[in-house]
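Have a look at this one before I ask anything.
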Amino acid sequence: MQERLVYLDHGATSPLREEVLEAMLPFLKERYGNPSSLHSPGRVIRQAVEEAREKTALALGAEPDEIFFTSGGTESNNIAIRGAARARRSKGHLITTSIEHHAVLDVCKGLAEDGFSVTYLPVDRYGLVSLEMVEKALRPDTFMISIMMANNEVGTIEPVAEIGALARERGVLFHTDAVQAVGQIPLDLRELKIDLLTLSAHKFNGPKGVGALYVRRGTPVAPLYDGGGQEKALRPGTENVPGIVGLARALELAVEELPEKTRHLLALRRRLIEGLLAMDDTVLNGHPTARLPGNVNVSFNYIEGEALLLGLDLEGIAASSGSACTAGSPEPSHVLLAMGLGHQLARGSLRLTLGRENSDACLDHLFSVLPPLVERLRKMSALYPGQS
Amino acid sequence: MQERLVYLDHGATSPLREEVLEAMLPFLKERYGNPSSLHSPGRVIRQAVEEAREKTALALGAEPDEIFFTSGGTESNNIAIRGAARARRSKGHLITTSIEHHAVLDVCKGLAEDGFSVTYLPVDRYGLVSLEMVEKALRPDTFMISIMMANNEVGTIEPVAEIGALARERGVLFHTDAVQAVGQIPLDLRELKIDLLTLSAHKFNGPKGVGALYVRRGTPVAPLYDGGGQEKALRPGTENVPGIVGLARALELAVEELPEKTRHLLALRRRLIEGLLAMDDTVLNGHPTARLPGNVNVSFNYIEGEALLLGLDLEGIAASSGSACTAGSPEPSHVLLAMGLGHQLARGSLRLTLGRENSDACLDHLFSVLPPLVERLRKMSALYPGQS
Amino acid sequence: MYNEKVIDHFTNPRNAGKMAEADIIGEAGSFKCGDTMKIYLKIEQGRISDVKFQTFGCGAAIASSSMLTEMVKGKTLEEAQRITNEDVALELGGLPPLKLHCSNLAADALRDAIRRYREKV
Amino acid sequence: MYNEKVIDHFTNPRNAGKMAEADIIGEAGSFKCGDTMKIYLKIEQGRISDVKFQTFGCGAAIASSSMLTEMVKGKTLEEAQRITNEDVALELGGLPPLKLHCSNLAADALRDAIRRYREKV
C-alpha cells in the first residue's frame, strides 16, 4: 500500500497470510475443476472442499456436516436469521441487541417489517448485554436469540456461554455473529450451546468473499437462494474453491497460533491503552478486560473522529472511527450511542485494531503522531473550552 | 489435475487465465485494505473495485452504476428475479422457460409457492423458445420475463433481442441468465433491450465465487440481504476484491479475443460434431447453428451417459452428461426432456464444451477413445437391439 | 468416487453380453433412474453353470451386474437366491451412498430369473 | 478522496483559533452531522479586516472553514454576504459528493455573524 504504512484497522479487514495464499494458489491455477463434476478433475476439487470443511469443523469443535460455506459474514448472518425465520410456519419473536453489526440488525428490522416481533436489548456502558435482560425478554413465542460473540467497534466480548445455556434450556435457537471472535479468542462448539455461528475469513488473515455458517445438526434453517443444490442446498452456486481452501487454512493457522498471538496482542494493547489514556480528556470505550485482545477504542473529547482519521492517514496510519460523517447517515456509531456516550464523544471515537504483524515500532509511530494531532484539532475546535 | 488431461467441460467451469491471476495477485497480497475504509489503503482498494466496475460495464455496453458485483451466477439470478418480485407491492405473473438453469427455475418455483403465477414456456426440439409463445403468454399482470441467453446443456442461443424488444414494448421487465453467453458470444447492452443480466466469472476463465448482475438504471429491484450497504445495498458484505478484479480482467480479455476465439472454437466444433455424427445411432442435441461456439451435445442411443463419462474419465477426458444417475434425482436432464427427447436418449447424452486451450490434439485423443467405448457399452446394454 | 474393484468391473466386466441358449432370462429395472438389466442363466442339476448379463445403466450398475455374475456361478439356486443387493455392493468393496440404488437391479434380476425358472420347470 | 487543496487547508488551516477582540462572533451547526463552526470577525469601515474560525467537524468541514476565512478577508460585508457554500466548495477545487454537506456550515456561520453585526450596530 504505502511506503511506511502502519495498519491498525484489522477489525475492518486483515492481510491475507502468505501460507494461506500458498494453499489457495493450486486452486487458482491447475486445479480448476468444478466440484460438482463427476470426472476426476472435478472429484479432486470436491475432495479439497470436503477437506476444508473438515479442517474448519475441527478448528471450531464442530462436525464437518455442520459447516456450510458462504460468501462472507453478511451472507451467513442473513441465512442464519432469515433462514431460521423462514423455516417456521408462523411468525414469532426474536431477541437481539442494539449493538449488532448491520448484517444482523437490519435483518431483524426486515423481519419486523414482515410481521415478526423483535426485542433489541440495551447494553451497559461497557457494551455488555446482561443475561437477566435476555431472560426477561423471553416470551412464549421467542424462537431465536441472536447476540454477537464480540463487538466489532469496541471489542466487548459478550457472555455467549451463559446466553447459549439459557437459550438451550428454554428451547430457543441461539445464533451468534462471531465474525470478530473467530481466530481471535478461544471458542469450542462442543462446550458452547450455540446453534448457529457466523464467521468471515478476511477477519482472520483469510481471503475476502468467503465465510461460513455453522449449523448445529437438526437446526431448522431454510435456504434463501435456490439453485444447483450446493452446500446441501442451503447456499447453492458453484463453490468459491480457492476461497474455501483459504478460509480453512487461515482458520487452522489462527487457532494453532492463538495463544502466542494473544500474548503478543495483549502486550501491545496494554501499551496502547496506557499511552492513549495518558492524554487529556480521553476515555476508553468498551470493557477494560472482557474485550478482544486486538481491540482498542477511545474517544477524544472536543474533536471529530474522521478529522482524526484523516490526520493519521496523512502520516501513514490506518485506523477507523465510529464517526459517521461520510455514509450520508446522520448518526454516529449506534454502538457507542447504545453504550450511553454523548453525541460528541461518540463522534470523537477512534478504533485501533491490532493484528499479528503489528509491533512496538507501529505504536512508536502512532505515539509520535497522535498527541500533536489531537492537540492541533482541539485548538481549532469550536467546542474546546481550553485557551486558544 | 491429471498428467494427460483433455478437459472438455468448459460449460461447468473454465481454467483461470494466467493474466487474470496476475491481475488478482496484488489484491491477494499487499493490497488487502477494505474498500469501505476511509484511509488510503482502503481508498486504493475502492478505486480498484470501481475500475473493475468500469471495465465490466465497458465490456457489456453498460454504465458502471448499472453493474453490481455478486458471489456468482446463482446469486445474481436470485437477486434479479426474487428482488424484482420483492420490489412490487402486489403479486403478479412471470414468464420463463422450461429449460432454465435451476438457479432460475427453482427461484420461479419458490415465487409460485409465495403466490406468484409462473408460465414455463415449452421449447422446440432444438431448445428454442418462440417469440410468439412469449407474446401469447403475456398477461396484464405479467411483470417479468426471464429467459436465458444461451442454454448450458445444449448451447442453444435464444432470441433475446426480439424477446427484449417485446418486453420493453409491453412494459415488462426482461431478465436474462447470460452465464453461458457472456464472453462466448457478442453482446451489447446498448442495443439489446435487457433490464437485468446475470453473469458468472468462472465460466469465462475468471475466478469462482464472483459474478455480476447488470441492472438497467431505474429497474426496481429490492435487495434480498441486509448488511453494511455495499454495492448500493443491493448486495451487502465486504467485497470479494480479488474476485471482482479478476472478473473484470477476464471479461476484458474474453471480449477482446472473442473473434479469434470464436473462429478457433467453431473449427473444433465442426470437426467434433462431424466425427460424432459419423458414429451409429447418434443424434445432435440442440440447434445446428444457433448454438454456442464451444458447445456440443449428442445422445448415443442404448447407452447411459454416466457410464460414458466414467469410461472417458478413465482415459483422461473430462466431459459431462445430462444423465442424472447421481444427484439422487430420478429424472435425467429437464432440458433434454423439454426438447422432446425420450428418456433413453436423454440419459445417453454427452456434453462436450470447448475452451480456448483445446486443440485438435484433444479431439484426436477423444476420437481414439470414444468409438470403442461406445461400442463396448452398447454391446453390454440390455437395450441394444444389435447382435451381441 | 468408485474404488478400484468397481472400476475394474466396469472396465473389464465379467460375463457381459447375450447368451444364445440360456435356460432362463431374468430382468429388472430401477424405477428410480430407469436402469435395466437382463440376466441369462444356464442351469445344470440345480446349479448355475453359466451366466451372462446385459445392462443399460451407469458405471455402478454395470459393475454390480458384473460382480453378481461372478458371485452366482456354480451356486445352487437356493444359495443364489439368498444373495442381496447389499451383498453385491459389499463384495464390490462398497459404493458411494448416492449410487447404492444403482446396485439394486443386479440381485433383483437374478431373483426374477430364478422365479421364472421355477415357474417354467 | 480529498484533493490536495483540501488536504492543505486541513493540514495547515488558515486563521484557525479564537480571536480575543472580535467585533462579532457567528455560529453555525450542521443539523445533519452535528458539526459546529464559530467565526470571529474584526470589522473596519464596513470591511472584514481580520477573521478567525473554530470548527468541530471532519476534514471537509475544517478545510471549508479555513477556505472561507481566506475568501472573506478584506471584503465588504455586502460582498462577503454573497459568498455561498457552493462557492467555498468550488474554491477548494471540489469535495466528494457525500461530503458536500460538510462545507455548508462555513458560509452559514459567516452570514450569522454579519446578521448579528447589523443587529448590534
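General observations
Which chain is which? They are A, B, C and D, in the order written, and residues in each are numbered from 1.
Keep this in mind: contacts are C-beta pairs under 8 Å (C-beta built on N, C-alpha and C of every residue); 3 or more make two chains touch, one makes a residue touch a chain.
Just so it is clear, the structure is predicted and the values come from calculations on it, not from any experiment.
Note: the chain lying farthest from chain A is C, by mean C-alpha position. Note on chain placement: the centre of chain A and the centre of chain B lie 34 Å apart, centres being C-alpha means. One finds 40 Å separating the Cα centroids of chain B and chain C.
Separating the centre of chain B from that of chain D, both taken as means of CA atoms, is a distance of 57 Å. Averaging C-alpha coordinates per chain places the centre of chain C 92 Å away from that of chain D. Across the assembly, chain A contributes 38, 306, 310, 326-327 as residues in contact with two or more other chains.
Contact topology of the protein chains: linear, an open path with no closing contact. In summary, the structure contains touching chain pairs A-B, A-D, B-C. Contacts from chain C toward chain B in the complex involve residues 2, 7, 10-11, 13, 16-18, 27, 31-38, 53-62, 98-99, 102. Of all residues in chain B, those touching chain C in their complex are 302-304, 306-307, 310-311, 314, 323-328, 330, 332, 343-344, 347, 377, 379-384, 387-388.
Interface residues of chain B, counted against chain A in their complex, comprise 1-2, 5, 7, 9, 12-16, 21, 24, 28-34, 36-42, 44, 71-75, 77-78, 101-103, 106-107, 109-110, 200, 202, 207-210, 224-229, 236-243, 306, 309-310, 312-313, 317-321, 326-327.
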